[in-house]
Amino acid sequence: MITVVDYYVVASILFAIGALGFLLRKNVLVMFMSVELMLNSANLVLVASAKSFDLARGSAFALVSVAVAAAEVGVGLAIIIALFRLKATVDAEEITNLRG
Amino acid sequence: MEVLERVAFYVMAVLAVISALLVVVNRNPVASAMSLVGAFLAVAGLYLTLNATFLSAIQVLVYAGAIMVLFLFVIMLLNLEREPFDLPGIGRIAGFGLSVALLFSLISLALGAVARPETSARGGSGAEIGDVFFSDYLFPFEMASLLLLVAMVGVIVVARRRKPEEEEEEQA
Amino acid sequence: MEENLLELIILIPFASVVVQYFLHRVLPARLAGLIACGAVLVPFLLTVVVGRGIGAAAPQVPAVTATIASWLTGGGLEVAFGLRLDPLSCAWTLVVTGIGFLIHVYSLGYMHHDPGFKRFFIYMNLFIGSMLALVLGDSLPLLFLGWEGVGLCSYLLIGFWFEDMNNARAGQKAFVVNRIGDLGFLLAMLMIFQTFGTLDIAAVTNGLSAGHAQGTFALGDARITLIALLLFVGACGKSAQLPLFVWLPDAMAGPTPVSALIHAATMVTAGIYMVARFSVFFALAPVASAVVAIVGALTAFVSATIALRQRDIKKVLAYSTCSQLGYMFLGLGVGAYGAAVFHVVTHAFFKALLFLGAGSVIHALSHEQNAMKMGGLKPHLPRTHWTFFVGCFALAGIFPFAGFFSKDKILGEALLGHGWLFPLVGVLGLITALMTAFYTFRLYRLVFTGPERLDAHAKKHLHESPATMTVPLVILALLSIGGGALSLPAFAHFDILGDYLRPIFAPALAVAGEAAHHAVNVEVALMLVSLAVVIGGAWWAWNRFARGPGDQLPLPQGGLPFLLENKWFVDEIYAIFVVGPMRGTALLAGFFDRYVIDGIVNGLARLCDLCGAVVRLLQNGAVHTYALLFIAGAVYLVCSLL
Amino acid sequence: MNSFGILSLITFLPLLGALVVAFLPRENPKVLRAAALLFGLANLGLSLLIVNAAGTMVFVERLHWIPAFGVCYGMAVDGISMPLVILSCLVVPIIIATTFHVGRGLKEYLVLLLIMETGMVGVFCATDIILFYVFFELTLVPLYFLIGMFGGVNRIYAAFKFFLFTAFGSLPMLVAILFLLYQHHQATGVWSASIEDLRALRLDAATQNWVFAGFALAFAIKVPLWPLHTWLPDAHVQAPTGGSIVLAAIMLKLGTYGFLRIAMPLAPQAAHSFATPVLVLAVISVIYGAYLAWAQDDLKKLVACSSVSHMGFVMLGLFALEPLAARGAMLQMLNHGVSTGALFLLVGCVYERRHKRGLDDFGGLVKVSPALGIALVITSLSSIGLPGLNGFVGELFILLGAFKTQPVFAILCASGVLLGAIYMLQMVRRVCYGTPNCEEAAHLSDMSVAEKFAFAPLVILMFWIGLAPGFLLERIGPAVDSILAALGNT
């Protein structure tokens, strides 16, 4: 029997992989993709949990989250483009303009 | 039926994990992006096993369709090359360790969860979600649309190419 | 009616100041001068009118009072601009306005060519007004107002020719040294208010007399003694007594009429006035009285010794003034209040005369002040000469000039007093009398007789002064001759001034016990002794300086003359032991503030900065670092949920 | 409950003026100045309407502001606030009338000044402690910008120092205020921030000590009491003339006013138990400030240090807890405002002409520019407490009163009178007397008509307070007496 716990485990693994990607990769784009992975895992937990309560509502939450993610990706990619114009690189370790 | 469900879940789960790993491991950004599509599709499949059919469709449309296309466009636009390999530094080792720690702590947290009976009154069909959105959650729904609008404007402003004279002005 | 006239006495000079100040562009100089003179003459006449009525006024101390306006009220304090003309203040007012008028007239001539002519008369009238506030004020704050007001005028007039920084410095010195005394006065005022709950002078002195009668204040009461001593500190500052006399000689930097009016005849006697006014306090405080007598005698002696060696004509007179003021305090200290006041009056006559005479000489010699560069002026300045000559006799105290009577009264009271102290200070006074006669005639000889030692520059414009200057000299000379008649020795039974002042000093004398009447022959013998001493001194100097300075020095070279030449090094002692340490403290405070207190303040700021710098290392701009910390936090959170 | 009234008008008219000036074109300085001056003078005229406030609070206004916590918009004046309000309204037009060399920033300068006026008047009128706090802090911001934007070479340092010092004091005060509100709620079950209500609280001694300490820190920094004074010379030296005048004439009074109006009545027992330590600091301020002034070679710094000394005197008057001394303290606040304000005005005048401020950069000023020199002499004399001028009256009252309750401190402070004469007179001597020290010093223009007109009211005040303080005493007296009575002064 597949229970919600199984979904949690999968989501956990996805989340950890996302974190791994964010921490290890230097390419801003790939880091950004890792963030999307983590978002997806969170959504998965949301929907899996909703099965025990009200799936329609849970899906609605997840949908809003998807909308936010879409907006975020748009803005994030725009910033990456602008940054690339400025620094001609997408290496996160070279982009340290905001240091104190 | 039971078995089928089980098989579907495991296939999708393994697919998702493998694709996710590929995203992280691939040094070519395009390959990473393609692996990400795989991961998104696998998650969509997982949604299907949860009966969240509408969400699953949206996942395919928005993530695998729109967002990934956006990523690919940007990758092409920036004309990125393969990321060169370099030896792991202290930061990376620590990052790897932390991720592993995160993995184990999350899994143990997940395993500790109690599975409640699946007693959802409503399903995840488009009609049911529509009901929710156009009654209780009208305001968040409208806000989401507003957010997308604002993001759109923002993206245009941030990413557009400035005219030389504008740039001079900004620098002054 | 009398009240209104009394108000006018003090308001006229102030009104004149205001008029002259605001119309100084419009008024012609001559008119301004006349207004100024009138503003002193009218109060004099008014005082004569009002003062005549005092005698019959009341059984107690006869007085006319008036209140111009309220001043400080509230919180249990009630002080008005109240005036009180009683015999003591009347005597002073007459001297101030009378001599003041003569000196104003004299100044018309003396300051004639000075560009600051109008300014001079504004200051002078302001001074007269302040001095009148001092003597007529019925409360301590008003007395203090006058006290500081005259100090201010003195400051302004000493620094009248302020282009020369030395003059400005002398003015500042006068003000600051006076302020030391004023601090004593102020503290005395505080103590009086605390003790008596009022600042009205009459109420305070009556309260003390009554308190003594009821046994509240015993003879020698510590509190009263302290008040008396503090008052005397104030008097020391204003009246240039040891150790605060250093400012007076420097004050000669001002125009000579100022020296005559302020630094000889009137302002410097304010201390005497105050002690006389509060005579009951001193009578009840034998210790304070003794201090007054000793300080007076020492000042008289020390200043006289310095005067022996001075070359500047005005400096000689300045030290002489200190010395004579010392006499007056000596008189106050031994309880001869009436005699002290008498000496104030006669001293005002002859010292004003001498200063004005000196001014006339200086004027004639185009501002030459060094007596060593004078000599043989007798034929050139006839009127100045004979009036100065009269002044010398009066100052030396030779019968029958005014100085003789007043000085002798003081010396008599001292020498014949009881105990060991009074005769001791009396002897000191006698020695001073000898020196006084000596330096007076030394000065006369140096200036008017012997060979001419003038600079060519001074000689060119040598001329007798105009009538505006000589007429006041003549009047003052007459007063110096006949002034002694105001208060003849006891056996002559003719004592106008003494009788007039008797009600004022009655309470004090009642406390201290009426001075014993001495046998006529004792008094006469004493007079002869002192006269002999004085004439001896005069004779010595007369012969010694017959032909100018000669070897210039009446005493052999050596330690003592060197000491006298340098005025006992008092200024230097002050510089090293008072001014230096205070200035040092100031610099130290500046250093402390800058480096210690501000150091701590800036140090704290720097500490915060340092903490910031350490924490700032975390914000290195690298996303990975932030993510690492972030995920570490997430791990921690998750683990804590387990 | 009265609604909006005259006090609000006086408080907010300058703000309106600031708004108007902000919208005028910056190209025409004359119009800017004229508009600001108009508002300043109109406000001065209005402020004269409250001149009869005496023993009790009048012109009361009260509107709910934050009802949940009993916070009101409460305004009223009595004999203590009235003179300070009028002085604030007087000082601002004087500054505007004499401001010429600011340059392009004139508009901002005027706007900041007018905002400043709103803050200052508001502090003195507020009867609600939260409102008081708001206005108290409001004064900080414009002055910070005045110093930071228009100051001398080291202005940023000075502005920061000033701001941090005062903000450092304000926070404990806010805590104390909130604590008091809470205590009042605990005691009565009703929220109220009215000073009147809070005065009725009966706190135990230890609590009072903490409350008092919280307030005292804020106010002592403003006064400023030694050793919290070092921001003052820096702020004064760097501030533009107008800033210095406002700072000296009004801002420092916020500290002493706060002690009298807030700290002492709200913690009466603590006021008694803290009297000795505060007086020790006051005496140190008087003497140390005087010595400090003596050590200075810069005109502005000298005057600033003399402020420390004079304000120490005011503190002596306040903490002697005696009716005469309290009257004296109030008078001395005004006197210091008038005299030191005038001194800064004059220093500003000379600085504009000579662009130097050293004591030895002048010489013979009385001869070179007589009106300026005479004004400086008169003001200095007023500052050292010459009888007949204003300084004396205040000092005498303080000393007479303080000598009754605190004789030792009174005697020590009296010696400050002596030191005052020393440093002031040597300043006058070096600047006004002698001969000009250099060619530039020999050709300084005299006071302009505008400067004379601006200065005249201050001189008139010096003589008026010095010769006829009765008018003020009648109004101040009952007000301070009622506060002292509430302190249970026996």
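Here the chain labels run A, B, C and D in written order, and each chain numbers its own residues starting at 1.
Basically, contacts are C-beta pairs under 8 Å (C-beta built on N, C-alpha and C of every residue); 3 or more make two chains touch, one makes a residue touch a chain.
Keep in mind the model is a prediction, meaning the values are calculated, not measured.
Asker: Please tell me the distance, in whole Å, between the geometric centres of subunit A and subunit D computed from their C-alpha atoms.
Answerer: 59
Asker: Return the distance between the CA-based centres of subunit B and subunit D, expressed in whole Å.
Answerer: Here the centre of subunit D sits 64 Å away from the centre of subunit B.
Asker: Rounded to the nearest whole Å, what is the centre-to-centre distance of subunit C and subunit D, using the mean of the C-alpha atoms as each centre?
Answerer: 38
Asker: Distance-wise, how many Å sit between the C-alpha centres of subunit B and subunit C, to the nearest whole number?
Answerer: Result: the chain centres lie 99 Å from each other.
Asker: Show the residues in subunit C shared as contacts by 2 or more other chains, in ascending order.
Answerer: 624, 627-628, 631, 634
Asker: Identify all positions of subunit A at which a residue touches two or more other chains, and write them in rising order.
Answerer: As it turns out, subunit A has residues touching two or more other chains at 19, 23.
Asker: Quick one: do these chains touch in a line, a ring, a star, all-to-all (complete), or other?
Answerer: Topology of the interface graph: other, matching no listed pattern.
Asker: On the basis of the stated criterion, which chains touch which? Give every pair.
Answerer: A-B, A-C, B-C, C-D
Asker: So in the complex, which bits of subunit B are touching subunit A?
Answerer: For subunit B paired with subunit A, touching residues are 2, 5-6, 9, 13, 16-17, 20-21, 23-24, 29, 32-33, 36, 39-40, 43, 46-47, 49-52, 54-55, 58-59, 62-63, 66-67, 70-71, 74-75, 77-78, 80, 83, 91-92, 95-96, 98-100, 102-103, 106-107, 109-111, 113, 115-125, 128-129, 131-133, 136-137, 140-141, 144, 147-148, 150-152, 154-156, 158-159, 161.
Asker: Please give the residue numbers of subunit A that touch subunit C in the complex, ascending.
Answerer: Residues in contact with subunit C: 19, 22-23, 31, 92-93, 95-100.
Asker: Help me check something: in the complex, which residues belonging to subunit C touch subunit D?
Answerer: 69-77, 141, 144-145, 147-149, 152, 155, 159, 162-165, 167-169, 171-172, 175-176, 179-180, 182-183, 186-187, 189-191, 193-194, 582-583, 585-591, 593, 597-598, 601, 605
Asker: Under the definition above, what is the set of subunit B residues touching subunit C in their complex?
Answerer: 91, 94-95, 98-99, 101-102, 105-106, 108-109, 112
Asker: Under the definition above, what is the set of subunit D residues touching subunit C in their complex?
Answerer: Touch residues, subunit D against subunit C: 161, 164, 227, 229-231, 233, 288, 291-292, 294-296, 322-324, 326-327, 364, 366-367, 381, 386-388, 392-393, 396-397, 399-401, 403-404, 407, 410-411, 414-415, 417-418, 421-423, 425-426, 429, 432-435, 467-470, 473-474, 476-477, 481.
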